[in-house]
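Next come two complexes built around chain A: one with chain B, the other with chain C.
Moving on, here comes the complex of A and B:
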């Protein structure tokens, strides 16, 4: 009886120690999540139903903020931004995903130079966006017209300083720097494909393309859908480095919803809180669109996708 | 066996196309970086304007010291309206304090939370795991304004401790990487340590952490480079403590007088670029190691 009591006390002490240790590990991250995610999003919802007077800074509860945000979204300028956002998202995503898979397959197959190409493809990921935009902007605005003049005798304005090629330059820039993590993760996942399966396919006469479609792609389909699903929010948040390039590049022809959000938030943070209400209301409206869209795309991809079997 | 596999490799059109595109990509990327590097040593009037592409006629190393001595960022106090000039030395200190602190906070929070969830089967562990999945799948748009207001109310806006706390987040893909590692961790080590009388802290610090040091360091370096290179978070949440990245952005888009020339602006970019590029070259095998993550299920 005494031995059993001692054993029970010992187990209880161990469990208590485990619990104390567990709480020590998770308490700060949990508090951070509660404040910076839960409370922030509750605050965003509350702000959407408030109006802050610009002069007195008094807060009143009202539905007019949501109505104002909705009407603002229907203005020609915002619709233009929305159109730009959708167009640029589909263009950049489709091209960069296709190229990522192409490059990953090359690296996985260890074709000549694969090691060096893997390092080079990762370089943009470690370079600051400020550095790449600075170099890119001055190269395409100064060096490219110089090259065209010397080689072909063509007089042209800079690709970003002039309006003619600005859109294409931004699309190229976005795709040019998009490969780092995706190529690394795709090629790492591809390297876990069983060599026996690949050999068997080769013996059966499968071409490289068929091997990719029936063996490689199903193996990394999970990862592919993860990238695709998490990228959908980018329709409304991506600003394609327009803020970093500067206002001379971020003309109305290129502005996206993400750019508008960022610049408005930045301006509001430096001046007063009155714009916070409209921004929160607009954010909620967009979240109510993009969240179900993301879930829908995720479930659709899971249903229609290939299986490894 | 390896030779047989290599002999079987066929150069189909798709691989030829891949090689051509990769070569063009490598030329474009390395070409622009090299062009930027030697342009940073040019004099604007006597060299750059007449020789945009070529190597410098005379290497002007003083461009770098000129930027370090003469470039300032002006910050305005939101409440008093007073101005303060911050030089490159102070920006460098801000960058180090910001990057190192935020990296420790973020990588550390992710590491310990993933360990707690994988090791202890409390119901709260499942809650934390599903929070990570939920936040990755369900996007929230446009809550930055609410976050700024919240950080001001909590008193964590525009100070180091505040921004470190803001980055003590366990959500994101790195959680799944650590979680996968801890789930696959051989429990034999832990059981043997327990039998020898080791407590939870001893097991965590002396057994688990050293065995995961490789991945932890990789994540640490990735996060550090992200914080060092980014400027938008510092711009919005720490406006009184401009970092080098923020300074270089201001130099690139809005500098005046002798600092507004192309070689000077590129020189500023190089000051930001060279440390992280050097770190990458020294540790690229660590970056390109076997980081893997599963898909989102649920």
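Moving on, here comes the complex of A and C:
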């Protein structure tokens, strides 16, 4: 009995120590999460129902901010930005997803040069975004015109400086930058496919393509779904590095809702807090569109997708 | 083992937290240590194009002056601790209360927003106190208020419930956008219009320009020459008087196989939009241009496009918030657009007026300045350039360029001759009207609210000291740029400045100054819409265009006339919200 009591006390002391250790470890990140995420987002939601007068600094609770945000969203320019956002999203997502799977398969199969190829894909992901946009900008706006001039005698504007290829240049840049995480995760997931299954398929005469369709892709499908579902919010938040490329590149043909959000928030921070209310209201509106869309896409993909079985 | 790993992880986590906290601390500014035997006054100085040497000079003199004064028990003297950073005050204003900076010298700081949000201390005593006590060249009775223009006093001075006028910030430095011309090249190649030239009757371009120094130059945009009532009007002799002259000059420079003009390609839309604003303000004059900010007064330069031509309204229009959109029909705006259209599209067979890189996103302002300065000095690698579009701070920004020239023995900065060009006029009828310089840099100095009561007199005293006659002149000589106050720079001080700096000062003295300030409630509420990049939008079809230069570059179907008409369409909708 005494031994059992001693043992119980020892265990609870151990649990207490474990608890203390756990609390010490998580308290700072939890506090940070609470302050920097929960409180910030609650404040942002509350801002959508307020109006701040820049003269008197009085705050009033009102629904008119939401109404103003809705009316602003219906203007031709915002609808154009929305159109750009959807178009660029589908273009970049479809190409980058297809290429991510292709490149991941190439790396997984260890085809010739796979190691160097992997490094080339990861490099833009590990270098600062400002550095990559600067390098890209100089390449397409200086090097490419100079090469065309020297090799073919063709005079052309920089790809970003002129309207002819600006859109394609931004799409290419966005896709090029998108491979880092997806290729890493896809290729890791592919490497967990059972070798026996692959060998069996090979013995049965399955081609590389069939292997991909019937074995590899179903194995990846959950991950693929996760990427696709989490990317949907990007329709409204992606700014395609336009701010970093500069206002001369961020023309109306390219501006997205995400870019508008970013620049409006930047302007608001430099002028007056009153603009934040409209931006918050617009954010709420967009959430009301994106949230159900994301859930719908998730359910649909889960229903129609292949299974590993 | 498990325990050791557990405690090791905990200690590591605490260490990382501690290191983060240390990283958040102010620490020293890297150059100066805090002297605990003296009282510190923390000063923030925005270090953009004008650098921070000027504030270090003020610091040195002030510390010397007060080296024996006691502000705190146990300490003697004061240490002006400067934080000189290129940090925007507006976007970091939430940090002001927590920051230790107490006195601020900033730019692009919106006075009423800062005041209404409670960041500014009342500095009325600093503004109205007699500065002669410092024996720094101010006569008895001279104070900061007396150095302000009426427009500045009206804006910065706030009448409060006690019936008195209070100040919460003062103007700091000036910033104008415009065209700098290469005087050496102009002198060498004779890029000056000859006296009596006639642009409607000439055989070749060279007939319009001087052949050599013996030829008399034209009177320039001010329509005068020589010394009249003690003012020398010969500074602009030979320079283009009208927009037409300007482009003829560009053609002449081009025919001479030199580059007429260049500018920053990376931000060309911003740079050229500033020129549109500057030219429209110059056309309108201060009174009419101010209507764009006060939304109150009589507009007598409004017009519209009829049969492809600009036609003035027969009657003036009373402007208020309800019809503010009418101001988009100002003649100055139309003519400025025609200038921009010609600048971007003008093709004289030999090419454009500008260097092709000026529309390339890789061509930044430093590279443009470098090409402008090095042109003709690098063994033919860079073509000499006649003119550069930039702000007056460009010469300070190009400090490393001049240093490189000196290091290679190519030329000394002090020997180089560049000058700020008075704006050409839209029409011949406007030649002779006073040049207007638009100062849209919103540079202010203030003391932050909430500093310790015992320290407030010190902060106010330092602010006063930084605005004495000597301090203003020292600033001008050091930066080669003017402060946004009225003060005299004598010839002895001017002799220490660069040629360009003297030209800016001379032009300031001969110009009307326009500060885009207003206490109109709509101006305060919708600040961004009254800045340069908010005033020149246009609606064409269903498209809203922000910058005319972009429209002229990429929309072949848009002309200055259609862009101008579209401005009215845009603002009629956009400014409906004004009360």
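The rule we apply is simple: the second predicted complex is superposed on the first by the 295 of 309 C-alpha atoms of A that agree within 3 Å, B and C clash if a C-alpha of one lies under 4 Å from a C-alpha of the other, contacts with A are read in each partner's own complex, and residues count from 1 in each chain.
Criterion: a residue touches a chain if its C-beta (ideal position, glycine included) is under 8 Å from a C-beta of that chain, and two chains touch if they have at least 3 such contacts.
Treat the numbers as computed from the prediction; the structure is a model and nothing was measured.
When both complexes are superposed on chain A, chain B and chain C end up clashing with one another. In the superposition on chain A, A:91 makes contact with neither chain B nor chain C.
When both complexes are overlaid on chain A, the residue A:43 reaches chain B alone and has no touch with chain C. Using the contact criterion defined above for the overlaid structures, shared-chain residue A:21 touches chain B and also reaches chain C. After overlaying the two complexes on the shared chain, residue contacts for A:251 are found with chain C alone; chain B is out of touch. By the touch criterion defined above, A:77 lies against chain C but remains apart from chain B after alignment on the C-alpha atoms of chain A. In the superposed model, more residues of chain A are touched by B than by the other of chain B and chain C.
When the shared chain is aligned, chain B and chain C each come close enough to touch A:266. Judged by the touch definition given at the top, the superposed model places A:160 against chain C, while chain B stays out of reach. Once chain A of one complex is fitted onto chain A of the other, the partner contacts of A:59 are absent, as it touches neither chain B nor chain C. By the document's definition of touching, of the two partners only chain C reaches A:274; chain B does not. With chain A as the common frame, the single stretch of chain B that clashes into chain C is 257-265; none of the other options in 167-175, 257-265 or 275-283 do. Common to the chain B and chain C contact sets on chain A are residues 21, 25, 28, 137-138, 142, 245-246, 266, 269-270, 273.
Taken together, the chain C residues at the contact with chain A in this complex read 6-7, 9-10, 13-14, 17, 88, 90-91, 108, 110, 112-113, 116-118, 265-270, 359-362, 521, 524-525, 527-528, 542-545, 550, 554.
Contacts from chain B toward chain A in the complex involve residues 5, 8-10, 12, 14-15, 17-19, 21-22, 25-26, 28-30, 32-33, 35-36, 39, 52-53, 76, 78, 109-110, 112-113, 115-116, 120, 122, 124, 128, 131, 135-150, 154, 165-166, 168-171, 199-201, 204, 225, 228-232, 235-236, 239, 245, 248-249, 252-254, 262, 265-266, 268-270, 272-273, 276-277, 279-280, 284, 287-288, 290-297.
Interface residues of chain A facing chain B in the complex, by the touch rule stated above, are 17-18, 21-22, 25-26, 28-30, 32-33, 35-37, 39-41, 43-44, 47, 99, 102-103, 105-106, 109, 111-113, 116-124, 126-131, 133-139, 142-143, 146-147, 176, 184-185, 188-189, 192, 195, 199, 202, 207-209, 221-223, 225-226, 229-230, 232-233, 236-237, 243-246, 261-262, 265-266, 268-270, 273, 275-276, 279-280, 282-284, 286-287, 290-291, 294-295, 298.
Remark: chain A residues 21, 24-25, 28, 53-57, 76-77, 80, 137-138, 141-142, 157-158, 160-161, 163, 245-249, 251-252, 266-267, 269-274 touch chain C in the complex.
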